[in-house]
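Pasting the structures in now, so scroll down.
Below, subunit A partners subunit B and then partners subunit C, in two separate complexes.
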Partner chain A sequence: MNLFDRLKNIDRRTIFVLIALSVLIPLFVPIKLRIHVSPPAQGLYDAIDRLPPGSNVLMAFDYGPSTMPEVYPMTLAILRHVFSKDLKVIAMALWPEGASIAQDAFKTVAEDEFHKLYGVDYINLGFKAGGLVVIQAMGTSIPAIFPTDQAGRPVEEFPIMKKVKNFDEIEMIVDLSAGDPGIRHWVMIAQARYQKKVGGGCTAVSAPAFYPYLQTGQLVGLLGGLMGAAEYEALVKHPGSAIKAMPSQALSHAVIIILILIGNITFFVERRRSRKQG
Partner chain B sequence: MTTIIGAWIAAALTLFIFSFLYKDNPFYKLAEHIFVGVSAGYWVVYEVRNVVIPNMIEPVSQGRYIYIVSGIMGLMMLTRVLPKIGWLSRWAIAFTVGMTSGYFLVTYLQSHALEQVRATLLPLNSPNNILIIVGVLTALIYFFFSKEHKGVFGKTAKVGIWFLMIAFGASFGYTVMARVSLLIGRMHFLLSDWLRLID
Partner chain C sequence: MRRQVPLVITFVAGMLMIISYFIPRQPFGGLQNLFNQWFIVIVAFALILGALNLIKVNAEKIRRKRPGWGYSAVLLITFTVTVISGLFWGMEQETVFGFIFRNMFVPLGATMFSLLAFFIASASYRAFRARTIEAALLLIAAILVMLGRVPLGSYIWRQFPMLANWIMAFPNMAGQRAIMIGIALGTVSISLRIILGIERSYLGGGE
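Coming up: the complex of A and B.
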């Protein structure tokens, strides 16, 4: 069997091993890669950066544990930026697991790093089922939809919620999304109907669907997948798990590109051979 | 202690799932069944706690009896499992479909159709604008099936196919990136949280 035939009949398990090695090796042998910040990531950063201190930012945690490797690093990076600018964060979730993830993120960033006060600098309103209908109703009254925070305490007890009635008191919405309900719904209601500034981060799978919103200005910025998270970590100058993961991501992409090229070359060579024989 | 036990269980289940890459085996099946069972249990509790109780039981107990209607409609959906009265579910489905499509029609038209059309009405003064307009027009022509794709029309449709293929390629690239990211996340968990070999 020559090299061409070997490549043509490569065992799928060999490919799995190659991908695993391409992910594992850079985790043990750190490689420094330059992070290029794309315009969508810069757009989100600039939009948050321009908000005056004390502004209310609504952060929607619309994702679950299955997409945490991609979306959680960007959550931490955005929270670091928001708290460094002294902005207030009102967190909520249209996904049931999102409220607990918000709690973990606040523990890491708001409490341990920035020593912010719950109820004064940030609040977690918890999860509400209903997706699009919840966003629509929040345009009329946020306390009516979220009468209590995640722990069940009435929201009027907290200073951060004293003046918040509806979207009028929210300067910007940041949606961290892994599907529906998510960015699409925030754009449909909060941006289109209430003209609110909407930005966000999402899984790489869903990112291409949201790029048209950037061109129309319906989204001020977008972080797509782990790459977007790494870009934001670079912007806030706080390297985290996303930047650490970039060498693995780059090497595995290189392996996949080489495998695709091998697949195509063998396809065309085989076609040429069969044409000659035929 | 709980964290350590949790990490060991998570690591074991991750390895069981990865073992499928070699070939199907009882460990993979065990992990798969645990996942299905836990998910089913989780979603039942979730639906009762977050949907049925706050959206029906609580309002009804506060005297807002109109919410009983939604409860009845929910029960009508479940009649699908009983062939004799299964037709009742169609009424509830019809209500949901009608209400949702009516609600979405206006918002979707405003936020997607009109905004996207407006963003395509661009001056032909830059390569990007030309690319957008040519891409939109040729892709639309490809989806116009009332005329046979022959001659100039066919060639224009072919250009549309190229644009679509590039879009699908970009989507596929992003999908690969997402899947690799998840793999990195799992590998990082195994090496960091479980084995503590890296930070």
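Coming up: the complex of A and C.
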């Protein structure tokens, strides 16, 4: 078998090993890469940055453990920004696993780093099934939809919820999403119907679908995938797991591009050969 | 009656939601809120129904010793342990539920999703070919975005990130918007068909 045949028929196990190495090697050999901040990430940062201290930010945790490697780093970066600006966070989830993820994120950022008080500076309202209808109902009354927090305590016990009736008391909504229900539904109801500022973060694969909302201004900003998380970490000047993972992502992208090019070169060479023969 | 009653309920509920969007005042606004709350309650029951169905299907598989019944046993055991721990000891971080969530569910979920990277790499090598002009355009755009969306791109050429942003913000946005408008028109048309009782397949019975 000559080199051409070998390149034409690379075994999938070889590809798997190449991808594994491209992810693993940069984790052991740290490389510092420059992060270029995209306009959608800058838009989200600016929108949060402009909020006056004490404003309520509603954060929806609409993702699960499978997408945590991409979305969780941006969650932490946004929380760091929000708490550094003395904003108040009301967390909720339209995905069942989201409520537990919010709990972990608050433990890391709110409690350990910023020493914020539960019920005063932030609250976790937990999960509610119903997707778009939950958002619509929150427009009328948030305490009616979430009468208790994640642990089952009545929300009226907490100072942060004392004045919160509906979206009127929410300055901005940040949805961290990995699918449906997610950003699209928050834009459809909270922005289009209640004119709330909506920003978000999502997996890289779903980010392209939200660009029409960015262009119309219905989304103030968007973080797409691990790169979006790295951009936000760079903006808040707190390098975390996303920036650390960037070399791995860069190298694995390079490997995939090289594989695509090899596949196409062999395809064209073979096509040319078969035309000559035919 | 078995067909007429659901059709009437669908018509009334559908029309009310449409009217209340344009006229949010009473009585429509109040009725909409009531319907929303009913929907949330029904969805909660649907979740319970889903869980019960999951138990039924997997218990049946174990009872009949169908191929892969061992996986069903694992599913039922872990399901029971998680539900019991969550119900009796709460879902806080320090509880058994929290331990299961953080140390089992999170790594397993992330592992499943990360396997995609391997399959995507293998599939793009085998199938991503510039066979036509359209496919070539897609391939070039994909490579430019892949390079522009990682820091490596800006080291090769400083304009790569800007180029990737331009592709996302213009050609991609235009395509996405066309898809979005198409979906919206399709949704409006199918919703009207359901509300007016023309589309009845959701009632079952093969009609």
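Please note the rule applied: the second predicted complex is superposed on the first by the 278 of 278 C-alpha atoms of A that agree within 3 Å, B and C clash if a C-alpha of one lies under 4 Å from a C-alpha of the other, contacts with A are read in each partner's own complex, and residues count from 1 in each chain.
Definition applied: contacts are C-beta pairs under 8 Å (C-beta built on N, C-alpha and C of every residue); 3 or more make two chains touch, one makes a residue touch a chain.
What you are looking at is a predicted structure, and each value in this text was computed from that prediction instead of being measured.
K.L.:
Between subunit B and subunit C, positioned on subunit A by superposition, is the outcome a clash or a fit?
P.N.:
clash
K.L.:
State whether A:M188 touches subunit B only (first), subunit C only (second), both chains, or neither.
P.N.:
first
K.L.:
Where does A:S241 make contact in the superposed view: on subunit B (first), on subunit C (second), on both, or on neither?
P.N.:
first
K.L.:
Which partner chains sit in contact with A:Q218 here, subunit B, subunit C, both or neither? Use first/second/both/neither.
P.N.:
In the superposition, A:Q218 touches subunit B alone.
K.L.:
In the superposed arrangement, which partner chain does A:L27 touch: subunit B (first), subunit C (second), both, or neither?
P.N.:
first
K.L.:
Considering only the touch criterion stated at the top, classify A:F16 as touching first (subunit B), second (subunit C), both, or neither.
P.N.:
both
K.L.:
Counting residues of subunit A in contact, which comes out ahead: subunit B or subunit C?
P.N.:
In the superposed model, C touches more residues of subunit A.
K.L.:
What is the contact status of A:T148 with respect to subunit B (first) and subunit C (second): first, second, both, or neither?
P.N.:
After superposing on A, A:T148 lies clear of both subunit B and subunit C.
K.L.:
For A:F267, is the partner it touches subunit B (first), subunit C (second), both, or none of the two (neither)?
P.N.:
In the superposition, A:F267 touches subunit C alone.
K.L.:
Under the stated touch criterion, which partner chain does A:I256 make contact with: subunit B (first), subunit C (second), both, or neither?
P.N.:
So A:I256 meets both subunit B and subunit C here.
K.L.:
Mind checking 27-35, 45-53, 81-89 or 153-161? I need the stretch of subunit C that runs into subunit B in the superposition.
P.N.:
Looking at 27-35, 45-53, 81-89 or 153-161, the stretch of subunit C that collides with subunit B is 45-53.
K.L.:
Same subunit A residues contacting subunit B and subunit C, which ones?
P.N.:
16, 19-20, 23, 66-69, 129, 133, 193, 204, 207-208, 212, 215, 224-225, 227, 249, 252-253, 256
K.L.:
What does subunit C use to touch subunit A in their complex?
P.N.:
Checking each residue of subunit C against subunit A gives 21, 29, 32-33, 36-37, 39-40, 43-44, 46-47, 90-93, 98, 101-102, 105-110, 112-114, 117-118, 120-122, 124-126, 128-131, 139, 142-143, 146-147, 149-152, 154-155, 161, 165, 168-169, 172-173, 176-177, 180.
K.L.:
Given the complex with subunit C, which residues does subunit A contribute to the contact?
P.N.:
Those residues of subunit A that touch subunit C are 10, 12, 15-16, 18-20, 23, 33-36, 38-39, 64-69, 97, 99-100, 103-104, 107, 128-131, 133-134, 136-137, 140-141, 144-145, 150-151, 193, 204, 207-209, 211-212, 214-215, 224-225, 227, 246-247, 249-257, 259-260, 262-264, 267-268.
K.L.:
Tell me, which parts of subunit A touch subunit B in their complex?
P.N.:
13, 16, 19-20, 23-24, 27-28, 66-70, 96, 127, 129, 132-133, 187-189, 191-193, 203-205, 207-208, 212, 215-218, 224-227, 241, 245, 248-249, 252-253, 256
K.L.:
Which of the residues in subunit B come into contact with subunit A in the complex?
P.N.:
Residue positions touching the partner: 21-22, 46, 50-51, 54-55, 103-104, 107-108, 110-112, 115-116, 118-119, 132, 167, 170-171, 174-178, 180-188, 191, 197-198.
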